[in-house]
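Below are two complexes that have chain A in common, paired first with chain B and then with chain C.
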Partner chain A sequence: MDWVGLIINGLCLGGLYGMLGVGLALVTGVMRFVNISHGEFIVMAAFLGVFASLQVPGINPLWLIVPVAIVFFFVGYGVQAVLFNKVVTAPDFLAPILLTFGFSIVLQNVMFEAFGTNVRSLTAGGLARESISVGGISIGVLPLITLGLAILFFVVLQLVIARTAFGRAVRATADNRDVARLMGVRPTRIFNITMGLSLALAAVAGMLLAMRATFTPFSGLSNLLVAFEVIVIGGFGSFWGALLGGFLLGLAQLIGLHFDPDAGIFYVHLAFFAVVLFRPQGLMGIKLP
Partner chain B sequence: MKLLEVTGLGVFYGDLQALFDIGVAVEAGQAVALIGANGAGKTTFLKSVAGLLASKRGRIVFDGQEIGGLPAERVAHLGLALVPEGRQLFQNMTIEENLIMGGYTGRKGYWTLARVYALFPSIARRGGEMPFVLSGGEQQMVAIGRALMANPRLLLADEISQGLAPVVVDQIYKAFPAIRAEGTSIIVVEQEVRRAAAASDYTYCMLKGRVTLEGRSNELSFDALSRAYFGT
Partner chain C sequence: MKALIALLVCAAIAAAAGLLAPVYDWAGGLRFASEMFLYLAMAQMWNLLAGYAGLLCMGQQMFIGLGTYCLFYTSLQLHVSPYWAMPVSFVFCGLMAALAALFMFRLRLVYFAIGTWVLSDMIASFISRTPELGGASGYQLSDVLPLINFDWFDEVIFWIAAAIAFATVWGAYALMRSSVGLGLMSIRDNDLAASSLGVDVWTNRFIVFVIAGAGCGLAGAVYFTAQLAMGPAQAFDPNWVVAMLFITIVGGIGTLEGPILGTAIYFALREVFTNVLGLSGAWYLIALGGAAMVVMLYAPNGLWPVVRDRFNIRGLSVRRQPPKSLLAQPAE
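The block that comes next holds the complex of A and B.
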């Protein structure tokens, strides 16, 4: 049995899962905001990718990832500024959940009206079939690129949060919004940029997902579930935890499928359940006494 | 022209009125003490001047500019810095990052990271540590240093002696002359009447949301202060 190949492919899938979750981790950690429509933005980015690649058929969809991500940064900024900021400071914790839940239903139906229920996907062309040989093991090129991009984005995000003045302002706002204001930080601007980054990361995940699997306007929920599971088992507020959580889920999924090929996405949820049972604070979370 | 002039200030928490017709003035270069018992409204006053409380009437004029309608993040850029009650350092970053965060407005002036460390030698070599490992007194020094990093013209210090041993509080108050010498005026909120009087030129006493007494710190008698403080 090809354990090494299985583990490496599990990590590649895990990188994708981590990408699904990190955008969500950003907004729940910084703004304490639960964005139920996060999955729909992942799917919308996939649709935009399909649309864009039809306009420029000669170009490999991988090159479209950055432009789509940039578009979704501005989408996130705009949605936060116009809509979500109205409930971020609401004393009722249900308000963001209700708003984003309603918004997700609106988005699903808009996509359905625009694109129908046809199953879609993005082909990365020849790249999807290529594999390289490392030490005698055959690894797909596309999964490797996915893993590489996931690690790259995590590192960049971590550096931005930890080393830049903007990142410091984000951490201050997350810790104590009023005291951050005393330092001259404008919370709404921080929220706008954070949501922009969140949806840009969701867009990257959506594009990578579309190259790997098919999607419809209603695929958002299953992505949202994985995203939440990733941040819960990673530990709230930890980006590396989200990546590790993704790895764990990816490994569980592929190893589970190897022994039980008809199980679908069952082993992801089983692994999530196991972690919550035995380590409720998550892999990198802190246990409160 | 006064540095800060507050007239007829009324502040509301929802339907509850917390401050009634407050009048406070600070001249440039002055240190003003605001004393009173718990619940008198001292913290409410500082927070509303700093722009954290929106629901108010009356006038707050800082450096000739009406700031009553401005949010805290705008007021900070104008040169007003609040050291909040209970220190409230950012727990998810180091001491040095907390201090650097204080300089976020980019206001230029005497105070830099090096000079803040020189003012408070106890925290000088502890920049890389997290706030929770420092003692209360050291955390208070970081909180004051963080406010100084904005090079404010007016520093609002809310109960900096709270929960600290007198010896430690002495150490902190010793920094005040240096702060004033570099051109920062101070409003210090205190429960300890004697310490407040010793550190200030002018004193206001508050009770139940109103100013009950004001005068030059060295001219107010202990009897008058007691009556104004307790409302007897």
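The block that comes next holds the complex of A and C.
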């Protein structure tokens, strides 16, 4: 395989990995809240995508990303309002981890009871096999679309957080929620919307993942691990760090697979340690932009 | 002292149960009790890490896996009974924990949690694609079966498991009463303040990490000896740390009695859901997750502190009491 093709495909996979991580990075950055159930929501979105595509035969699953993401925005808003806001003010960081940990076990096994252990995926029709050829390098269309969507979502999220009034309220809440409240911001409402956005991004990641690979109700944990690796090497709460981390891990995986065909995710872990041991604060170890 | 006597009485009951077992054919009950003791030992080790040393180790299953592999490898290569390989697992996992600590202690809090989890996953994937280490299928103890006396197998495993459980509970109690324990609790509460008072944060955490690694390695090795077979997927299963986490937080993190209560609840839930109600394992796990959530919402410190405060039990408290002579005199 040509090196340029390898790198481009690695970046495409990296875009997907970045999408897995960015929702988690948003919540961690804004609320200091580690959501262990993020991986389960990614898988749930994939299931919703599969069933939605069965209802509308012949539709290109790419069009389903928007409605599924909107559904998950409201799911996130509701879960945060009903459940997660009860522990978000806890003094130690353990309480949210343990609550969402319990929640993830519940979600995973409810999915198992509802859908069984069959391996599933979203069939993107002819799109999955199409590829374009530039200068003798052939690149799949679907991975390219994934990369394009990932970059689009990163840019939009960055603009929303950095330029809008809502983004200003989010940053203020992240910095000091008590002072933000004095300025007329309602932290719980900001948290609800943030969790909604986070799960909407998780839904996009889940749909893209389901188009690229297979999944089962038990895929949540491995997705969560990749998402964590992305945001840890990116630096907690940094969006660009998450994208950069995703690129790095995607490249590590494909270059590793090139030399060692049954390596699986081993070289992703190796790359993770290479970064983390030399830069424990992550590549872009800063708070929100 | 009372707590120590209570522990000794429990140990005597356990020893007697093992002796009487062949008479009354309690093999199933013994296996169940062995499993409980081993889970208690693992959870107590995890409690030491997360509840006292402030080390949220999400990759603790790596030591269970390493201990198991060490036992099977030693036993099969040297052709010795697995019982003799158990101390080797204990020492090996302690050394491995020391080695891992050199790197992992560069990471803090959530970074440490994720880092250890990734390390465990990495070791598991390395082993499962290395044919020299058994590959994806793992090992069976079939070659050394003649070295095991199966008339007393369940009983011996039960005694070993019980001994490990009592040793971890008593060991944790002794450790927390020592200066290391005092240093640890001060670090957990505020590591900056502790280190400015001269507490060596790194060394105190290192000691606990090595003890917990060795303890989990030994418990895992005994668990899989009882199974007579293992594979990388089972030995390095992330569900080990899920069980330790559940037991510790539901029982009460940062109390020595918490894991005991948590283990009882964990196994009671399992028996009720799978045997009494006859539901699938998934429903049991849903109940487990739900129980963890309810406890986190309504009793964030776990159930033991609630029971303790309600009935005013001192139990295995490691709180230091001022001398009575000081209490008797009013402050001037």
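Methods note: the second predicted complex is superposed on the first by the 284 of 289 C-alpha atoms of A that agree within 3 Å, B and C clash if a C-alpha of one lies under 4 Å from a C-alpha of the other, contacts with A are read in each partner's own complex, and residues count from 1 in each chain.
The definition used in the following text is that contacts are C-beta pairs under 8 Å (C-beta built on N, C-alpha and C of every residue); 3 or more make two chains touch, one makes a residue touch a chain.
A quick note: this is a predicted structure, and the numbers were derived from the prediction, not measured.
Trainee: Applying the document's definition of touch, where does A:Leu277 land relative to chain B and chain C: first, second, both, or neither?
Mentor: The second partner, chain C, only.
Trainee: In the superposed arrangement, which partner chain does A:Leu99 touch: chain B (first), chain C (second), both, or neither?
Mentor: In the superposition, A:Leu99 touches chain C alone.
Trainee: Touching A:Val66, do we find chain B (first), chain C (second), both, or neither?
Mentor: neither
Trainee: Considering only the touch criterion stated at the top, classify A:Arg171 as touching first (chain B), second (chain C), both, or neither.
Mentor: In the superposed model, A:Arg171 contacts chain B only, not chain C.
Trainee: Just to be sure I read the superposition right, which of the two partners does A:Val87 touch: chain B = first, chain C = second, or both, or neither?
Mentor: second
Trainee: Of the two partner chains, chain B (first) and chain C (second), which one does A:Ala213 touch, if any: first, second, both, or neither?
Mentor: A:Ala213 contacts neither chain B nor chain C.
Trainee: Mind pulling up the chain A residues that touch chain C in the complex?
Mentor: 34, 83, 86-87, 90, 93-95, 97-99, 101-106, 108-110, 112-113, 221, 225, 228-229, 232, 236, 262-266, 269-270, 272-273, 276-277, 280
Trainee: Within their complex, state which residues of chain A touch chain B.
Mentor: 165, 168-169, 171-172, 174-176, 178-187
Trainee: Mind listing the chain C positions that touch chain A in their complex?
Mentor: Residues 50, 56, 103, 106-111, 113-115, 117-119, 121-122, 125-126, 129, 238, 242, 245-246, 249, 253, 280, 282-283, 285-286, 288-293, 296-297, 300 of chain C touch chain A in their complex.
Trainee: Touching chain A in the complex: which residues of chain B?
Mentor: Its residues touching chain A are 50-52, 71-73, 76-77, 81-82, 84, 88, 90-93, 97, 100-102, 104-105, 146, 150.
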